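Each of the next two complexes has chain A plus one more chain, namely chain B in the first and chain C in the second.
After this line comes the complex of A and B, so read on.
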């Protein structure tokens, strides 16, 4: 199916998220959409799949103008969207998920659906048990299920939002194979990503968005250097690693034990010095999140002693830790760290030391303007935080950190951010280190861990490795430990 | 900016028209003349006495609304406000009963009783708050339960320990001697003191929510309490504070009902001002100052509808129908405005 976008505009408040986007995707093409965070990719895809409406502009499918009122209308018109986190129902069976969205009478025809599911599985060489529950599937399998479901609903245009995040290499290969098969069936694929390598490998043509505008397009073969230039406007230098020599211990854990819902971690001995960065590697849910939260006083430890700046804070609440210069930055920014509905200025007022009873709004506004400038946040003092893009929300979080700090605990400091934001955010974090703060962060990106940490801890199923010197280890060694190899019993 | 304000007013006028339109259909359906009825409801506002009557119910309604604005800011649905008004009235009655034979100055006793009413209201709200913060009971359910308890307690008191000499009656306890009534305007049923308390209450809430760190922190707790906690705000304490303040303000409403209006405890002492206040608070959406005219309008509808059974043989609950329709359509219009207005 041929997809044409004509003059799409979308505003969020003052933010011009899509600025006159015009793009034609011929039938059976794999179209890559590149751009940094906040460039307007997600907005454009949400418009195309009916989640939000364009302020002006036109969408044509096979030359016919369509009005996409809702995701239901989108799928009726043949547009299916595969979200980064699959929008399925984990407590339900595979077959029930597969049948969702189907039109038809009161009683669904399970037998026919099961037969069709088998046929599709065979066609694409997938292997999912229809009677299994979705919560037992891997992200890759859930993706496969979504693809089949959308096909079954008659999708002729597939939008995939960062589909290669969180799936295995084998699943990625299979996904790419599937998408290439789509090409033969004249199904159009729109592939949204910030991974250049994936885009190069898969796409027939690429469009690049920057600050809401379509800044360039390229056909195969791609010139990687030029694509990066189009995305960021300039070549981004990678941050340099530096190790500050230190002696003062900021945080000390002495035989600390933690009990989570599913996981127990026993007898942790750990310390971190002023200016040091420690990265926590491991599969999601191996205990890193518990470790970080225990270091912040957000969960109670069940044994051992936690000391911050040589003061025993065992069993104290996060607010006590905060008083001693500890800050925790969660991965779910809008859910856990920012208050949607309040403005940037109000966040700064809340985070600052408050004197008196009445708010000095003027001071709040000045403070916000100053931080917006220093931290390069795309927004105004009166912008509600939820109107900012992910990268700008993360910058806001960093700009809310107080001075001075002893310890910053960060979950996924750069997840979902573009390279420029990554470099920027690490620049700001390293600045904190130079001022004497220690940083502990978890990440699923091994390159990030190796590049920015001084020492690395690997987590596996509630066990913690001894600290590795980041200069002396490598992806291979850490990768094996993460996968469960090399742990002595 | 100006454009949006005009736009909003346009939509709200339309909603007003729709609400009155549908209410008129209801009236037509029962064979009444809408024009005549609206004329009777509002036409009577012309006299000084009627306006005073409206203000009599405006004061407690405004106080309940003021309290609710605080709990709304904290993201809490304090349905228990009815019970808090009732319990405030009980507290006031208790102090008046205990002290009416003492040698103290009557004015001082009244002040003390109003203060006791605020304390009692806060106490009742604290129960709902404690259930929420420590017991994990949703404040809607806890508050609703406590409303029933407060009503039952009033009826028990009116017919039991505090009953009139002779047999208890639905008309309430024995009225207090005149010196324990708040002084009234000459020839009217309205007490200037009630107006003062109500205005002080709403102005207090206005400054609290607009200008203070306390108010901002409360809003942060309401918008996202996990984030508020990470920002260093003691979240459950702030929730409790908001319950206490709301309880104190609605307790004051109950105290006014006793000292300025009924001069005794009656079974329906809260007069539904809590639920009505919920509607006003929803309509004004954090804007404390806007509560002043909106509460007046709602009070006027209540007073106007008192005429209906006498003149038109219509039930006075018609004002409730109209109030409900107004809230529905104005909220609807706001939703429609956001959907239909192109963002620029």
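After this line comes the complex of A and C, so read on.
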């Protein structure tokens, strides 16, 4: 289906979120939409999928002008949107999710729906049990379910909003394969992302948005430097790697075992030196999260000895670890690391040493202003943290870290962030390394792991590889290990 | 003789539990849509009084039941309006309504206290009532009890087997997703809250025109039914079948308390009266045991085949509330 956008304008108050956007996407094309957070990508996609209405402008599908009143109308017209957090019903069964919203008689035919779902799964080589509950699926599988559902409802245009965030590398490959199959069926795909590599790998043409305006378009082959320039208006260095490994060991694990709900990791031997960065690779849920939490003292180890700065901290609480200079930054920034409802200033007051009974608001404001400046946070001292973008929340978290630190444990340091923030965050983290802190981080982005770590550990189903030198390994080798190949029995 | 007595006793459990069944089903439907109607305790008293008075004045039992349903619908509409349109706290509004309706029932019903009025006659269903064992338990009842049976089945069928019912589940779980799939979330919430209120409203006349005919003000013995129904809705995991099971279990426990009293002279009668409540809590605990961490840990250590089975069984038992229960829906 051919999609044409003509002169789309959208204002939010004084903010001109979409400024005269005109874009033509031929049938069967994979169109990338690039842009920083806040560039207007989401607004444009929400207009196209019926969530919000444009102030002016026109949408044409196969040359026919359409008015998209609501998401239900959008899917009726053939436009399906896959949201970053799939809009499904987690506590309900897969088959019910699949059927929900389909038109038909009073009593839906479960047997037929299950058969149709199986047929679709076969076509795309997916494997989801129709009787399973959606909350036991991974984000990648939930995406697959949504894709099949939208396809079944007759979607001829797919809008995907940051679909590669939070899914494993294998699932990403499968997703791309599926989208390429769509091309053969003349289904149009609009792929919204800020990940250059994904866009380069997948898309036929790319449009770049900046501050609400369409600032450029490019066909294959893409010029990465030029795309970055269009996105940010200036060139951003992609970060350099350096090793400042010294001899002092910060963290030492000696035959440590960890038991999670579904997973056991046995006999871990591991150490990390001052200034070193270790990346943890693996599919989501292979044990990296357990490993990080055990290093932070958040979960109790079952056997072995954990030493931080040569002090035995086995079985001690998170607070003891904190006292010895260990900090943990979880992936769920807003839920687990920040306090939604409190402002930036209040966060800085809370992080300070507590003196007296009454809050010194003046001091909080001053602290906040200073940190906002040094950490380049887009927000005011009175902004509630939940109003900040993901990148700015992560900057806030970094600005809350104490000095000095021995060990920083980070889950998905740059998940869902735009490139500028990624570079900035890693700059700040590397700065910490130079000051003597060691960093252990997990990421589903192999390029990030290879680029920033000195050593890499691969996790697979509760097993841990020996450490690889990041300079001497490559995506291929790590990818195979992540997928379960090359582990001796 | 002894058997016949037990069968009649069991039959009376189903008869006496009909009001709670209506209340549980009505509440289940409203909560499935995401609205907690906390007013039902007071609302049931008001509908019991109203249903009795109308029936007393007009001589029509049908008018009495209709009044009960209308009162339930009206009170539910107030809850819906304040929570969906005015976006007020459902808990606060419901609670205040529960108290207001109760006092209103006592005040307005004062003149009719203790008056003898119409009562729904027993009606043995032909053929079915002659079946041994089943007949005396289920089919020597009156019309409203049969309707309560039917209501359990119909509401279950609607929620779990029909297309609109599937959407109803969706609206309570994640209104944003339901909206994307074409539902008019707020209109549906209005509709189901009012419908649930009407069904729960039948609980009043089912009591004052059937179970214990008449209106006796504060000593009617009806105060508290609504609160129990709210608890049983949770116990029932927002499923009418399980909810009805909970209502009957509660009725059975109460009946046992009465029956066992003579044969357990050493146990104070208060213990037997109160026993149903902790027993209900214990059941609630057992039902939800699957979500505790230690159970999950134990399960993780078991061999794959039995673990899969047990996990699924516990998952099916576990009752998690509709995720958006009590949360107003706003599209962007």
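Here is the rule we go by: the second predicted complex is superposed on the first by the 287 of 489 C-alpha atoms of A that agree within 3 Å, B and C clash if a C-alpha of one lies under 4 Å from a C-alpha of the other, contacts with A are read in each partner's own complex, and residues count from 1 in each chain.
The rule is short, and it goes like this: contacts are C-beta pairs under 8 Å (C-beta built on N, C-alpha and C of every residue); 3 or more make two chains touch, one makes a residue touch a chain.
Keep in mind that this is a model prediction, so the values were computed, not measured.
Peer 1: For A:92, select first, second, both or neither according to whether it touches chain B, chain C, the two together, or no partner.
Peer 2: A:92: touches chain C, not chain B.
Peer 1: State whether A:335 touches chain B only (first), chain C only (second), both chains, or neither.
Peer 2: It touches chain B, and chain C stays clear.
Peer 1: With the two structures laid over each other on chain A, which partner does A:435 touch: chain B (first), chain C (second), both, or neither?
Peer 2: Neither partner.
Peer 1: So in the superposed three-chain picture, is A:168 touching just chain B, just chain C, both, or none of them (first/second/both/neither)?
Peer 2: neither
Peer 1: In the overlay, answer first, second, both or neither for which of chain B and chain C A:51 touches.
Peer 2: A:51 contacts chain C only, not chain B.
Peer 1: Counting only touches as set out at the top, which of chain B and chain C does A:109 meet: first, second, both, neither?
Peer 2: A:109 sits against neither chain B nor chain C.
Peer 1: Once chain A of both complexes is superposed, is A:262 in touch with chain B (first), chain C (second), both, or neither?
Peer 2: In the superposition, A:262 touches chain C alone.
Peer 1: For A:318 in the superposed arrangement: first (chain B), second (chain C), both or neither?
Peer 2: After superposing on A, A:318 lies in contact with chain B but is clear of chain C.
Peer 1: Touch check for A:223: first (chain B), second (chain C), both, or neither?
Peer 2: Touch partners of A:223: none, neither chain B nor chain C.
Peer 1: Touching chain A in the complex: which residues of chain B?
Peer 2: Residue positions touching the partner: 207, 211-214, 216-217, 219-220, 223-224, 226-234, 342-344.
Peer 1: Help me check something: in the complex, which residues belonging to chain C touch chain A?
Peer 2: Chain C residues touching chain A: 161-164, 166-167, 169-170, 173-174, 176-183, 293, 296-297, 300, 315, 320, 323, 331-332.
Peer 1: List the residues on chain A that touch chain B in their complex, please.
Peer 2: Touching chain B from chain A are residues 11-13, 55, 318-319, 322, 328, 330, 335-342, 346-347, 349-351, 354, 356-359, 400.
Peer 1: In the complex formed with chain C, which residues of chain A make contact?
Peer 2: 46, 51-52, 70-72, 75, 81, 87-92, 96, 99-102, 104-108, 133, 259, 261-262
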